[in-house]
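Below is one structure. I have some questions about it.
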Amino acid sequence: MNALRERIWTILEPATEGDTLSKWCDVFLITLILTNVFAAVIETVEWIANRWGWALSLFEHFSVSIFAVEYLLRLWSCRANPQYDSLIWGRVRFAMTPLALIDLFAILPAFLPASHIDLRMLRLLRLFRLLRSIKLARYTAAVDIFVAVFREKKEEIVVAFCVMFLLVLFSAAIVYYVENPAQPDKFPDIPTAMWWAVITLATVGYGDVYPVTGPGRFVTGIVALLGIGMFALPAGILGAGFTEEIQRRRRKKTPSRCPHCGQALIDF
Amino acid sequence: MNALRERIWTILEPATEGDTLSKWCDVFLITLILTNVFAAVIETVEWIANRWGWALSLFEHFSVSIFAVEYLLRLWSCRANPQYDSLIWGRVRFAMTPLALIDLFAILPAFLPASHIDLRMLRLLRLFRLLRSIKLARYTAAVDIFVAVFREKKEEIVVAFCVMFLLVLFSAAIVYYVENPAQPDKFPDIPTAMWWAVITLATVGYGDVYPVTGPGRFVTGIVALLGIGMFALPAGILGAGFTEEIQRRRRKKTPSRCPHCGQALIDF
Amino acid sequence: MNALRERIWTILEPATEGDTLSKWCDVFLITLILTNVFAAVIETVEWIANRWGWALSLFEHFSVSIFAVEYLLRLWSCRANPQYDSLIWGRVRFAMTPLALIDLFAILPAFLPASHIDLRMLRLLRLFRLLRSIKLARYTAAVDIFVAVFREKKEEIVVAFCVMFLLVLFSAAIVYYVENPAQPDKFPDIPTAMWWAVITLATVGYGDVYPVTGPGRFVTGIVALLGIGMFALPAGILGAGFTEEIQRRRRKKTPSRCPHCGQALIDF
Amino acid sequence: MNALRERIWTILEPATEGDTLSKWCDVFLITLILTNVFAAVIETVEWIANRWGWALSLFEHFSVSIFAVEYLLRLWSCRANPQYDSLIWGRVRFAMTPLALIDLFAILPAFLPASHIDLRMLRLLRLFRLLRSIKLARYTAAVDIFVAVFREKKEEIVVAFCVMFLLVLFSAAIVYYVENPAQPDKFPDIPTAMWWAVITLATVGYGDVYPVTGPGRFVTGIVALLGIGMFALPAGILGAGFTEEIQRRRRKKTPSRCPHCGQALIDF
C-alpha cells in the first residue's frame, strides 16, 4: 500500500530523470491542461459554440473526470511526502497549498448544480476553467522565479508604484482642470481623467480620450516625457531582478569563489 | 511642558519601533490622507456630488479640522527637534520646510472666503486638496529615494532632455514642412507638429494627428526608429540609478561577507 | 580544376582582407539582393506595377539567372570546404545548410510553371522573393549574434513568454467577462479579447477595441501597469544578452590590459 | 592686434571659470539662440504671424545681424587657436568644421534675394533658422557625448538595425499577404504595410491601419511580442553606452586603479 502510494506520488509529481512512466504522465497532463485552456477560450466564440458545443462539452466532462481523479490521487498519495505525512492534518495542510487549491478550484465549478444560476454567473464559472492553466506552474520554474524576483525587489516595486500613483493622480487632476471646460464629455471627472492618465503614461494611447487645448497638450507633453521614465521603472527593476535570479540559479551549479579564502560563495 | 511637547512630536513623526501610540497615530493620519484624496477624486463625479455631496462636504470639514490641529501641533512641538529649537525663528524655519509648506497649502484653501470666487477658481481650490497626498511622503522613503536618484543622475538627464528637445524640434519641423500642404488642418503650424512629435516619439500614438503622404510617413518611420532609443534613455538612466540607490541603502545596513572566512566582500 | 573550384569558392564567400575580386563580387551580390528586395516591395504598388512592370519583370529574370548561377557555382565549388568534400554526400549536406536552402528557395518559385496557379498563390510566390534578403546573413554578423544571444538566454525567454501568455489569457478573460455585456460587438469572445490584451500589453493601443465601463477600465489600468513590466522583459533580456555577446566577441581579440604594468585585467 | 584677437576668441568660446565677460557673452548668445528658435516655431502659427509678424521680422533681422557679426568675429579670431593659425588655409579649415558650417547655414538664408522664390521654398528657408538650435552644441556636452556613444556602439546599432529592417520587411509582407484581400484600401501594397509595421513595432499604434482578419491579428500578435524586444534594443544599447560614457568622463577625474601595480587606469 505504502509503496503504491509512493509510486503514484512520484508519477504525479514532475518526473525525475529516467522515470519514463512519470514523464509520460506529465506530458499527458500538460497536454490536457493546454487543450482545456484552448477549449475554454474558443468555446466563447459563438459559431464554434453552436457547431461544436457538444464536442467541447463532452471534452469538458472527460477532462473534469481526469482532473478529479488526479486531485483525489494527489490527496491520497500526498502522505508519501514527509511534510504531509499524517492521516487527516497532513492532508488538510496539503489541500491548503496554493497548487492544491488551484487544482480544487479548477474542477469545483463543474460539480455545482447548474439549475439556479443565471447567465452571467454561468459565464464566470466557465472562465474559472482558465485557472487550470495555473496547474502548469507545477511543471515550469517560471512562476517560481517570478515569486522570487517579486520578493527580492518588493521594496523597489512599492516605491515605484507610489511614485506612479502620485504621477497619475496629479497629471489627471491638472489635465481635468484644463480640459474639462473644453471637452466636458471626454474629461467629465477625475476618475475618467485618471483612465486617460494611465493609458497615456503607459504609452498605450488608445485615442479615445486626449487633450485638444494648447495648455492641455503642453501639460500632456511634459507628463509624457517625465512619465515614461517612471512607468518604465517596474520593467527595468523586474528585468534586472529576473536576470539576476536566473544567473543565481545557474551559479548554484558552478559557484564563484571568495577572493580571500577561495571557498565557494553559494548565493550572492 | 517640554516633555509633553517632545511626546507630541514623537507621536506625530513616523513611529519608531515599539511606540504603539505613535504607530496608531501614523496609521490614522495615513488612512485619513488616503480617504481624503479618494474623496477629492470622486467628488468630481457629477452623480456622486449630487447624491453624496453633503457627506463629502462634512468629511472635508472634519478632515480640515484634524489637519489644522495636526499642523498647529507640529508647529508648536517642532522645538523638540534641536534643529528648530527657538521660539520664533526655529518655528519659522520649520514652517518653511517643504513638508510643512505642503501641510499648510493642504488646509489653507478651506479657510478662504468662498463668496467672491468664480467657479473655475473654486474647482482649482478643490484640486489643491490633492496636495494632501504629498503628506504621505513623510511616511515613505519613495520621494526621498527619487530626490537622491535625480541628484545623482542630474547630468545624464539634462543631456538626455537636450537631445530629446532637438529631436522633437527637428522632426516636428520636417513633418510640418512635408505634411502641411496635404493636411493643413492637422499640421497647421510647428507647435501642433511638436505635439504630434512628442506623442509619436513617446510611442503614445493617440491617432488624432498622423502623416498621410509618402515622404511624411517615411520621415516618421525613421524618426520613430531613432527616437524611441532617445526617449527611452531617461527611463534607462532613472531605472539604473534607482536600483543602485536602493542597493546602496541596503548595503549600508548589511555589507555582504564571505560566509566562510567572514571577511567583507569589496563593495561592488 | 581543383584550384579553379577553390578560387570560385573564395570569391563567392565573404571576402578576406586584400582579395579585391572577391570583395567586388560581394558588393555586387549585396547590391543585387538589396535591389531585388526593393523591386519586390515596390512591385506591389499598383501604379508602379502598371507602368514599370515590364522593367521589374526583366530585372527579375536577370536576377534569377544570376542567383541561379551563383547557387550552382556554390554547389559545385563547395567541395573546396573540407566539411563538404565528397562528390555527392558532401554536396547534399551543403545543400541542406540553412543558407544554401535559402538560396534555393529564393530562386525556385521563378521556375514554377505559372499556368495553373491562382492569383493568391501567385502573390505568395512573389513574396518568396523577399527571402532573398536573408541571403545578406552571409555578409553580416547580425544573424549570427542573434542566434548566439537566443541560445544563451533561451531559458529566460521561455520563462518570460510563459508569464506573458498567462497574463494575456487572464486579462483577456477578465475584460471579456466585464465588457462583453456592454460592448458585445467589440468583445464578442475571448480570442478577440486576447487580441485586445496583446495590443494593450504591448502598448501599441490601436484604439479599435478598448473598455468603456468603469470596472473594465479599472482592470485595464491595473493590467497596463503590471503588464508593461512583463512585456518589456524580453526586450531587457535580449538587450543585455546582446551587449554581452558583442563585448565577448570584442574582448576575444583584445583583452584589456593595465596600461602601466601590462598585465591582463581580469575578464569582467 | 594678436592680443585683441585672442581676447575675442576666448570671449566667444564657452567661458572658462572666472571669465565674467565671456560668461555674459555666452548667456547672451544662448538666450538669443533659444529666443530665435522659439520665434521661428511660433511664427508658423497663423494668427501670431498676422498680428506680430512685424515684430518677429524685426527680431529676425536683429538676430541675423548679431549672428553674422559673431560668425565674422569667429572667422577672424580663429587664428588664436593654434590649430587654425594661418592666414587663409587655417581659416578655411576652421570654416569647414561642423559648428562653423552650422553657424554659416543659420544665417545664409537671410541673405538670399527673396524675389524669385516660391512659397514652398520660402517656408523651407524659414525652417533653416531652426538649425540655429544646433549652435547650442557649443555650450553643452550633450552632442559630444552622443557622438562618442554612437561611435562606441556603432557595431551593435548596425546589427540591431539590420534585424529591425528584416523584421519590418517580413512582417509587412506577411500581413500584406493576409490582409490585402480583406482591406484592399488599408493594405494596398507592401510599402504601406511597412508603414503599418514600423508604427506597430515601435508601439506607436496610431490606429489608422490595423489588421481585422483572424490570421492577420494572430500574426500581428506574434510580431508585436517578438518585435518589441527587437525595437527596444537600440534604446537599451544607447542607454547602456550613455551611462558608461558619462561614468567614464566622471572617472577621469577620480580614476580607478590597477589591482596589480596600483597605478591609475585612466580610460577603460
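All chains are identified by letter, namely A, B, C and D, in their written order; residue positions are counted from 1 within each chain.
Keep in mind that, in the parts below, contacts are C-beta pairs under 8 Å (C-beta built on N, C-alpha and C of every residue); 3 or more make two chains touch, one makes a residue touch a chain.
The structure presented is a predicted model; accordingly, all values stated were derived computationally and were not measured.
Where chain A touches chain B, under half of the residue numbers in use are shared by the two copies, so each contributes mostly different positions. Set side by side, the interfaces A-D and A-C show unequal numbers of C-beta pairs in contact, with more at A-C.
In this assembly, the C-alpha centroid of chain A lies 31 Å from the C-alpha centroid of chain C. Rounded to a whole number, the gap between the C-alpha centres of chain A and chain D is 43 angstrom. Looking at chain C, residues 191, 194, 203-207, 231-232, 235-237, 240 sit in touch with two or more other chains.
Considering their complex, residues 203-207 of chain C touch chain B.
Partner chain B is touched in their complex by these residues of chain A: 155-156, 158-160, 162-163, 166, 169-170, 173-174, 176-177, 180-181, 188-191, 194, 200, 203-207, 210, 214, 217, 220-221, 224-226, 228-233, 235-237, 240, 258-261, 263, 265-266, 268. Remark: chain D residues 37, 40-42, 44-46, 120, 123-124, 127, 130, 133-134, 136, 140-143, 145-146, 161, 164, 191, 194-195, 198-199, 202-208, 231-232, 234-240, 242-243, 246 touch chain B in the complex.
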